[in-house]
């Protein structure tokens, strides 16, 4: 069973295939990374790369990777060319940092300018209001929040830009696993909020990249 | 099978027994109301009295009741004596009015001064902020909200008074039945929010009544 | 309790407040429509307006409304000014028509050019492939699907434009209520698909409107 | 990404911000504790501090903390000033001790006088009845129970004080995760019981602190 | 498709086959009752016979039935011979009467002596305690309760007889459908409580009949 | 916090209090066992005693215990006096052995004669039929089964004795955690099957002990 | 929006497209039937055709349909050519007749010889055993069962033919909606049982048709 | 408790009993393997054999086994005789390899010719289309997919052979545990897809073996 790459995905949907490592065995990840390191020269992103998987890679392979342990992402062969547009990733709390950084790293990999704002949960609403001008300057807002995800609704009611919610699995009790945050985001009273899967910082960034293609869109 | 009344509940927990009609058959409700109308002289509250049940009561019986169709509550033999304390019931939207009114009516029945504020959902945050001074004057805040129940967290972060959240079953999709609002309220990032069952405006009012007993409490 | 309008929502987030009628009583809807008909001159959208609610409105009021029974939407005071951008609404089957039409009507109300394509479920993949060129000409794709929602993933893998999935509650057994379609959409193997609540055609259109604001965005 | 403190929360809602360590990485907790130890002089509470996180702190930092391993709480810079009011924490069994102690420690941190009673589950009802006078002397009752949480209903029917239920995740089978206890508490036949999230001893204490503010309330 | 009777069930398991009407169409029920009325002379029990189904039966057929609308049961050809043993059916509230009566009627049909006690929910614990001697005289206790089903645990801790819990679907919010009561009963802190399906008064009675076979058991 | 024993439970409900170790910390279990070893002379049962907890006990304490690692039970001060009646524990497969043995050990502790039959799942129905005479000689049948728990229904249809079903958490996919087996047992087409919580072999044995009290019951 | 037919489905997968009416509005069904009646001459199957939808069709259209109200199916333009192979549909009880008949009608429409056996639930195992020889003569077994679906496992352990399980939504309490039967079927201890969606008699028949294509398969 | 083998299962249903090791303790597995190695000479399959269990076997026993660590299967005494028919196992991604290989190994053990195709998820639809001729040559298709399982529907719409879907537990967020993939497979818009339990590669292969018995079926 050799890995069959979707080699024209970049042309087809604007983003290359990424390798989701977290659902693969260490042996599978090592084999895939080894193969890609020797076979391709284009940029490639690895997500959910566990510490154990990273440790199993040969040193020469690791040296080829731009690795970040907060987001557990690794990048091979550098970033994609820059794209127009600015994205802001807004996270409710420190506990959401891993997911927020996965989004930010995916955006950086995709050539998108990105800023991250953390610790603006609505329990202290003034903190969000203090950063609102900064947030409104972005073309797209990615809102990362666990627990009640109230940040998503508040943001959605305050900005006109596209808001992409990433519920996180941070929490306990009814918030365990992130379903409470997911449902809260989907049922947001702020109209037009778009949602991705729990903890899917990568997917939120990809959704943003799709949207940024509109800059070169039909009206011109 | 005769109805066995918990006649000393008022003495024991500060509130008399109420009759939850919605889970009973029309025949059962008619029998209970008839019995109470002829047997007691103390105030008694009926909740979730359906239109069908109300229509099945004899006119003479209905004349004895103070009935409200928005909240589906009916009161027999007037209100309980006034108690100190002011409660505000804050509802996110018009769809939450039935539950909010059930809370308000239960408070009125219990002799508690109450004000109701509707249509302050966080999708338009300025509406809540415009009423904040008014809300802060209350001793206790009951927050009624469906969908994402973001109102609960925002309120909990802005006021120091006890906040009792009543998630409502208003909504569709993931919000159907009120579980999304319930989980959002329980997982609220605002510390110290207390929650009652979905649509339980009556229970929220009773919780408030328990709290108001603190006015005559130990420190004095 | 008077209805408190979020009058500056259009300025704040690019879309005016809409009235979700389905979660309100007939009495509440009649009161709100009556008030708005006499009070405002700007366009306003009503969604999930039931047949019973419509029948309860005065004839003179109904005459003021542009009503559509497939989508259960009604529009007061005409459409919003035209916006740049083309959206295509792609629905898996006839059963999804009500939701698809809600999205299309909301887009029309918002001044957005929209086309609807129905009956392209992946059980007969050639039907989707036959319409693919047409779909690719759109700036944004709204994919409406119930049951397994496989259409969402297939579309997401074939187009580079933003894809907004609207899972529908159409179905039976494990598909009852739309959770299967929702989870399938959120877990889509196609990267960057954004999702809204089950049956929320209105929300998908609002998300599209947010995205279309990018046409006038930062790169210029 | 620096931690952004909600510095005026004590003034705003009567309780300072606490640091929930359990949802953060060890690296994040170490950084936050280090920063707070050197930056602030006011009391601060840390909850869900894991053994691993505690072990990762520098000895000098640990020496500054008042740590308790049963509740996994740590307190920096001493307790808050005393407040009027007495709270009793009643736990069904030994298995609920961690959560009960989290509530008790949070109350102590907040300057509230608190007593804890354990092993009064209703399987041996006489044990609860033997302590009832003691419980009735408290201004507020926090009921901590897992499994069927029957203790909550029994207590709610016996005392007139506010009852705050904390369902615990103790249990197996249908009780796994605490949902059975949560639903039982929310559906309690005793009217006016307020509920917080599963295992949220901290939240129950905060709800009590909010209620104790009523001692200085409006009636005087 | 003719109905195939399990004619020797009485010999095999001590109870004849009963006809659960609620899950059948009116046409099916009419056909089965007609067939049984003309074909058998032994006692037969029908459960969940809806008003519509009853109305569809021929008058001559109805005249053959001993029908009870509270429990929605009908009995053809009289009761089974008397069996030794006394069962008490204890119901938390009036709302549980239909299920309690289904159990009582099934016991009567089975020749078992039965008493029913209603309105002894633990919200007013003294009511249960007042009836405790009476309950303790029974050989088997069937506890019928919805909402939090706290009655089950309290009873299980107070009597040594077999306790069979019947959770009911009475309730709203988290108690809708009876799952909260079911889980509470299964997780009861009182050891050795046995549980049957939600609303299954018939099944509880059958379990009691099985147990009563022990009176003629091995030790003698 | 000292452990408060329910010392008269044997008199009250026919079984002494048991100590469920699995939900307690090792420190708590060590303290309780130490206390009981030195304080009481009556028999006492410990369930779900983990290997880690056992290893933490002092050798002198372990020597006092009759420990069984298959069922993870330990018994202090010997068995209770013999009771009349024979119970058979029937388990679908080897994977259910731990739970079946917990039931058997609890019965032995309670002075009840018990036999265990394993590997009679209905996938090979002849195996069950081969043991049917043996099973029918028992006064009570405890059926232990995971996955689809079809054994419960088949047994319930073949024997007239009380059948107590213990669903087990054995399984994967939809059977993970035991809910499939639990629901299958509760919905059993065999009338009068009683059910206890998932994996609750102890509870099934206690239910059997309650039933065996009928041997000395009312008819004599 | 015109209906877009998947006209070559018969060639592609061996079965023509069927029209699932139950998820469509009456208006949509009338339009589709009218169009097909006038446009095609090949056989076509309609499933879940409600009474209301049937009543809305023009008499001339109804006359063209072969309608069956038990299964709520209608057939236009006769049956497909006969195919080799015999299928038996085995249903646990009368309540499962609608689903079983949907399967049988779909098979008949597909040109497959089919026999239906009802009332062989495992509560009376002898009834199934009495029909076993007959069942074993079939090439494929479709097992239709609700509640605990124990019939599926018992059948799967007794026959070597393919077994297709159709869980039904018949039942109450934990069996409501059919999830218990579905999970029981999927977790069947009988190896190699295949399952379709709840109540999906049509799908089970289609799966059987796919399998019958093996008669002309590779080994020859 | 000795293991009771279902020795005639091969004759009865066409497949011998297999040993599911994953739900058994290491001690139980070692005992069963030891017993079978010394007692039988027929082929026997072990599934879900964990690394820990394998390591606990005596070297002489391991030498007797044909072990495969990707699928965690082991085979004793070689394969069953060859059967006619070709099966293709199609897996969406590398993460599904363990389940796909379990299916392939079970087929090989059963004497069935099998081919495995991996990495044909619908996110890159051309990959599946490139292999379609190869897939169509198979008599039966086993589709292994996690996340949204869209592969199942697409395959079901493209081939006329029986399609057996195996949802996998691969994924995160709403896809955790495989329920999303299961529901998507069951609700597949492609008619006649049969489904087995999550991760049940073994069961899918057994279902295929049942179907292959049709080659010698009735029409000849």
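When the chains are written out, they are named A, B, C, D, E, F, G and H in that same order, and each has its own residue count from 1.
Definition applied: contacts are C-beta pairs under 8 Å (C-beta built on N, C-alpha and C of every residue); 3 or more make two chains touch, one makes a residue touch a chain.
All figures in this text were calculated on a predicted structure; none of them were measured in a lab.
Kindly list the shared contact partners of chain B and chain G, in label order.
Both-contact set = C, E.
By mean C-alpha position, what chain is farthest away from chain E?
A
Could you classify the chain A-chain C contact as same or different, where same means more than half of all interface residue numbers appear on both copies?
Both copies touch with mostly the same residues.
Measuring between Cα centroids, which chain is at the maximum distance from chain D?
Looking at centroid distances, G is the chain farthest away.
Measuring from the mean C-alpha position of chain E to the mean C-alpha position of chain F, what distance in angstrom results?
26
I'd like the Å distance between the centres of chain F and chain H, where a centre is the mean of that chain's Cα atoms.
Result: the chain centres lie 35 Å from each other.
With chain centres taken as the means of their Cα atoms, state the distance from chain F to chain G in Å.
42
Quick one: which residues in chain D touch 2 or more of the other chains?
Touching at least two other chains: 12, 123-124, 156-158, 171, 173-175, 179, 182, 186-187, 190-191, 197-198.
Let me make sure I understand the interfaces: which chain pairs count as touching?
A-B, A-C, A-D, A-H, B-C, B-D, B-E, C-G, C-H, D-E, D-F, E-F, E-G, F-G, F-H, G-H
Which residues, counting only chain F, touch chain E once they are in their complex?
Its residues touching chain E are 12-15, 18, 84-86, 139-140, 156-164, 182, 186-187, 190-198, 202-203, 205-215, 217-219.
Along chain G, where are the residues that touch chain F in the complex?
Chain G residues touching chain F: 92-93, 121-125, 147-150, 152-154, 156-158, 171, 173-175, 179-191.
Can you list the chain D residues touching chain A in their complex?
1, 3-4, 6, 8-9, 12, 17, 20, 22-25, 28, 32, 169, 177-179, 182, 197-200
Okay, in this complex, where on chain D does chain F touch?
So the residues of chain D in touch with chain F come to 94-95, 97-98, 116, 118-120, 123-124, 126-127, 146, 170-176.
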